[in-house]
Amino acid sequence: MNSLVLRTVARVVAPVVVLYGVRLLLVGHNSPGGGFVGGLVTALAVVLGWLAFGPPPRARRWERGVALGVGISAVTGLAAVLLGRPFLTHAVLYAGPVKLPTSLFFDVGVFLVVVSATLAAVRTLWEAGS
Amino acid sequence: MNLVLAALVGLLFAAGTWLLLGQRILRQVIGLGLIAHGANLTVLLAGGLVGRHAPLLGNPEPRADPLPQALILTAIVIGFGITAFLLALGYRMHALEEDEG
Amino acid sequence: MNAAAAPVLIPLLTGLLCVALPSRRLRWGVSVTGGTACVVASVWLVALARAHTVVILRFGNWPAPFGIVFAADLLGALMSAIGSWVALCTLLALLAQPHPRLDGFFHGGWHLMLAGMNGAFLTGDLFNLYVFFEVLLVASYFLLTLGSTRRQAREAFTYVASNLVASTLFLVGVALLYAAVGSVNMADLSVRMPDASPGLVRPAVFLLAVAFGVKAAIFPLYAWLPHAYVLPPGPVAAYFGGMLTKVGVYALYRLFTTLNPLRGPEPTLVTVAVLTMVFGVLGALAQEEVRRILSFHIISQIGYMVFGLALGTPQAWAAGLFYVLHHIGVKTALLLVSAAVEASYGTGALRALSGLAHAHPFLGLSFAIPALSLAGIPPLSGFWAKVFVVEAGLRAGEAFAVGASLAVSLLTLLSMSKIFTGAFWGPSPEREAIPALHYLAIAGVGVLTLVWGLGGGWLWDLTATAAERLADPGVYAQTVLGGR
Amino acid sequence: MQTLLLGIPLIPLLAAPWAAASRRGSWLVALGACGAVLLALVPVARWAATGLVASAELSWFSALGVGYRLRADGLSALFALLVAGVGVLIVLYARAYLGHEPRAPAFFAYLLLFAGSMLGLVLADDLLTLYVFWEGTSLASFFLIGFHDERWEARQASVRALVVTVVGGLAMLAGFLLLGLEAGTFRVSELDPRTVQGSPRYPWVLGLVLAGAFTKSAQIPVHFWLPGAMVAPTPVSAYLHSATMVKAGVFLLLRLLPVLGGTELWRTWILPVGLGTFLFGAVVAVLQDDLKALLAYGTVSALGLATALAGTGTAVGRDAAVLYLINHAAYKGTLFLVAGAVEHETGTRQIRHLRGLARAMPATATLAALSVFSLAALPASGGFVAKDLAAKALGHGLEGWLWVGAVVTAAFGARFLQVFFGSGEAEHRHEPAGLWLPALPLAVLCVLFGTWRQLPEAVVDWLGAPHNVWPKFSWGKVAPALLAAVGGAGVAWFGGTVSSRWPEARWNGDRIFDALQAALLRFADALTHLSLTGRLRDYLVVILGVAAVGAGLPVLAHARWPEVGRLSFEAAFVGIGVAAVLVTVLSRSLVAAVVALGAVGYSVVFLFMGLRAPDLALTQMLVETVSLVLFLAVVTRLLSADVPDRHPLAGLDLLVSVAVGVVAGALAFQLSTGPPSQRLAEFFARNAKLAGGTNLVNLVVVDFRGLDTLGEITVLGIAALGVLALARRPR
């Protein structure tokens, strides 16, 4: 599998797929997509890269990515608490013409968790299976 | 259509149960996967099949009920995590055999 | 009020921080601090719930039944307080005697399980209950299998698979109720269920009862339990033994008081309760190892709690609730004693142990008091719990069930005396040290039975208030569904 | 003065930890506590003597009407004085007996726990308070019987005693609760006999309470725990198992006599048991060769008589019972202390090995003689006075039994005295003062009760109605007593010859208990193995079977089947799904099954798409893809583990699977009409702008029900942690 073709394909396709994943995250509010789906797509792109260039060393601390992701989502909710609102109250921020719901930050947390968790699982079980 | 889907749900549950009652870990995990599909379809059916359009605001009425879809989304993610965990557990149950003798 | 979310958010953030932190020392510091903070927050919530009947938190500021609500009534708040306390005490026991199977990861599992538990106790939304159940269960799968050997992993699979099946039944039950009523909010459901189609509601209630019954380990759904409690390191077993089944019991209480209230004794449930008591205690008698005996007793004691529920009167619910709280303290203390013995002597087999009370008089006392309480010997809390339940049973005219429960309490005593005469009496062993901190952890939960036995009037008042409020689900529904 | 009462049981209870913590001075703590109780009892007793009643209470679970209530009438005061008084003597004796043992502090602590519980028991005016202290005495007894826990017999005897007394105790508790419910109060002094005896539950109440009284007071057939309890150190035998605790059962009968007594049922249930125990205990006592066993069966016999006296249900019977119990405490206490002194000095308690101790232990022998006189009810002893009143109480019909019993009682008394007569090697024995002085006051009491008229009269006076208890010393009364004693001596000689050839009993209470216990354990073992096979498959069959039956029945009963919707083009994907499902089940290859699961997933994806759920379709597709990657990673490694080993009961598996499938399908069909209203969907649509989006599903997930998502990613995160941890090699 470790062929030149695969590498070339991966070199081109993987970044595009990552970008598509991020796009899915961003448009989730208005059309199918969202943090979870975006995260999975991104993770698949990274796996494609691993297939082509070999997986990274095992010692990577995936758990930190997971913790950070859940942490971001939770902290987004806590921001409302600081303003005296119930936990997880979101607002829509307007930066000029750009509409930015704060729930997007929440979704970013989801995205991060999904990417880290998926990659952790694939990486670990991959090694286990080989 | 609802009868056909209900029959599929029944089949998923029956097949999943059959695999689960066997004694091979990976087939049990597959069985749990089938049952999870069945349960998700059940939740979807609970929203009714009246919707002719996807629950996007731009779409005209009648739209499908978004709540069951959201619930299933959550259930799918949970199921995904648990499947990964079960696979790792299965690995530990069998693949470490030679380490312990 | 955001206070209702504190018992979930504090352990959630603590757990995440512990996962991310690099140093062992830091992890312990954060872990114990977070545990303590959660205790404080949940006790505070009890006070709030007592004053306000139901403490409401509308997540995202969306009204019920559209958004998710936390509805912390006295029942939920009390459970969350005792759960947080148990988590902290068992954590201290682990700090006292670290276990080789557990590495830095376990802090995360510990606190996230607590977050899941507290979420389950406090949420007012049925599907959200499902989610928090999954959080707590996955955390328990994680703690159970951490560092396991191949064989232990195989045993753990039994626990995991049983619970997954139960969770699926839960999900189908939620779907049925949604189809019948069009809501997943518990208050909304309780208001609308009487008018809904019984062809959907009855199977839904039954499926929920089975799902919760598996988690509560009632007859005949309890078979997973010994697998789960005999495997993991001692303090983990103490944590599980104290709380895991009680979440199921809590859910049963919620189901049959708030969601689908019982009105008077429910014969099927009474029968199940009696069979749970009997099979559990007979299972305990058949064991030859401290922790196995204690595990089977959990099943048997669940029977009493379900008996209180099944009688269907506020007084019986108060009794059952008192039983739950008492049992959590006592059982955790006993399992922590067994954890100390296993950590220091390397075994929990009665055959291999002897004379512990001579080598460690204080350990003997730490075992004897909760053990006697478990068997319902006065003046400890277990006695009062038993008396309340039995009295409620007599009032309801359930003479046979009362007789069975008294017989079971005798057999409980018999099997406790088996441990005591086997492991604590007899020729003195070669003495191994048990750290003082472990005693502190045991005392933390064990002292509850003394306090509640000698002067538990206030606890009874609390549980009675909680039960009276449960008996009037209208107020709960009104508070949850009422305007902002 | 009234509140002082509340402290009386607490003094020894609170002193117990102190005694346990102090090393050499533990006996002093115990002595101080018993002395303090005695002092505190003085005003209480004075009050009681004038016919007044002291009472006090502290609220305790007041919502249920339970309180820590104490009340000292004459009966309570008498027993309290007995407990505290004998307690002082026993502590003094125990100091000489085992004061040098390293575990003496624990001993004194248990003794104090017992004394406090016993005081609470006799003073209690609340049924549950009484029960609390009642079990306290059982518990203290458990620890004291098992004091020499390195010996198996001691451990086993303590468990037997505990179980038997707790069986009775639990029955009694049920009786108390019933009684409380019937009478509307737990306060003993307020229980109304008419309400209680008129209730249809009266026989239940009486039977349950009697079960408690009989087990505690060692009535046949559950008497066996008491002789077994003789493995305890002798001071314990003297104090708990003779002078005080075993009397609790009779005390309870006397305490509840005004409430439950006076009926035909009371007489017919209690009298036969009491009299039977009286004779049985005496006969078996004669046949014993062990001094303590002899005394223990003697105690069983005496408790039988006292129970019978209470069973007469009359005031005279009550007075006779109390007088008899006080006397019994005095003489039997003395005899136990004597037996302990003998064993302490000679190292044995076997009568056949002991002869002529009178020369070496003259004081001990004198005390023994004085108390045996009282035991045999010789004139001028307390026993004579008590027996006389007992005869009066039993009446002519039953008096005969009393005299038969008296002969046998005298016989075992004579057997006891044998050890002091004759000649034997008694050279090196001596008698330390600490081992006989404490018995002196008790022996003196035996004499005083028979010679000083005011004493028994005062006792009866305290109990209520004063009446003449002093017997006329006519020949008609003295002669039978003397005859009985002489006859008893004859029987003693005969009993001595028999006992040496008496075979070890083939079946006695101990053995039956042990056999029952073993049978119970075997049953428990078998049942547990049967119900917990250890096989996951069996457990799942139960769970799913229960769920299928329980959920299936109401569906069938209440089914209102919805209309069948039109078949649409998605049905094609259902077909693909069905085929794939069948492959997962039927395929022999694991890889094929995994791929088929993926195919099922993808057909579900298309169904989601067809059912207007694009988010679900997208998610399901990606999840299916990643899952397939994970599955295949593991499967390649685990192929070897996939050996087909279907359980032989595959038919049952099939049945359960089909049932689950049918019920699940029926439920899915039932609910496919959807919710009765769309108000949730409408709310989400209305508020979408506020949430800042148009994709309703996504809005629900991240905003309306954001907490679910927070929980969901937590699950995912923990699962990932689990994968990381599980793939690591175990240590």
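By letter and in written order, the chains are A, B, C and D; residue numbering begins at 1 in each of them.
Convention: a contact is a pair of C-beta atoms (placed from the backbone, for glycine too) under 8 Å apart; a residue touches a chain by one contact, two chains touch by 3 or more.
Everything numeric here is computed off the predicted structure, so don't read it as measured data.
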Pair joined by more contacting C-beta pairs (A-B or B-C): B-C
Centre-of-Cα separation between subunit D and subunit C, whole angstrom: 26
Euclidean distance of C-alpha centroids - subunit B vs subunit C, Å: 29
Length of the line joining the C-alpha centres of subunit A and subunit D, rounded to whole Å: 61
Touching two or more other chains - residues of subunit C: 12, 19, 59-60, 105, 108, 127, 131, 134, 138, 141-142, 145, 148-149, 153, 157, 161, 165, 172, 175-176, 178-179
Sequence positions of subunit B contacting 2 or more other chains: 20, 25, 28, 42, 45-48, 54, 56, 67, 71, 73-74, 77-78, 81-82, 84-85, 87-96, 99
Overlap residues in subunit A, where contacts from two or more other chains coincide: 30-32, 36, 63, 66-67, 70, 74, 87-88, 90, 117, 121, 124-125, 128-129
Chain-level touch network, classified as line, ring, star, complete or other: complete
Residue ranges of subunit D in contact with subunit A within the complex: 614-615, 617-619, 622-623, 625-626, 629-630, 632-637, 690-695, 697-699, 701-703, 706-707, 709-710, 713-714, 716-717, 719-721, 723-724, 727
Residue ranges of subunit A touching subunit D (in the complex, touch as defined): 28-37, 40-41, 43-44, 47, 62-63, 66-67, 69-70, 73-74, 77, 87-88, 90, 92, 99, 101, 103, 106-107, 109-110, 113-114, 116-118, 120-122, 124-130
Contact footprint of subunit C on subunit D as seen in their complex: 59-64, 106, 128, 131-132, 135-136, 139, 142, 146, 149-150, 155-156, 158-159, 162-163, 166-167, 170-171, 173-174, 177-178, 180-181, 517, 520-521, 523-525, 527-529, 531-532, 536, 538-540, 542-544, 546-547, 550-552, 554-555, 557-560, 664, 667, 670-680, 683-684, 687, 703-708, 711-712, 714-715, 717-719, 721-722, 724-726, 730-731
In the complex, subunit A residues that touch subunit C: 63-64, 66-68, 70-71, 74, 78, 80-81, 85-90
Touch list for subunit B against partner subunit D, complex: 1-15, 17-28, 30, 33-34, 37-38, 40-42, 44-58, 63-67, 69-74, 76-85, 87-96, 99
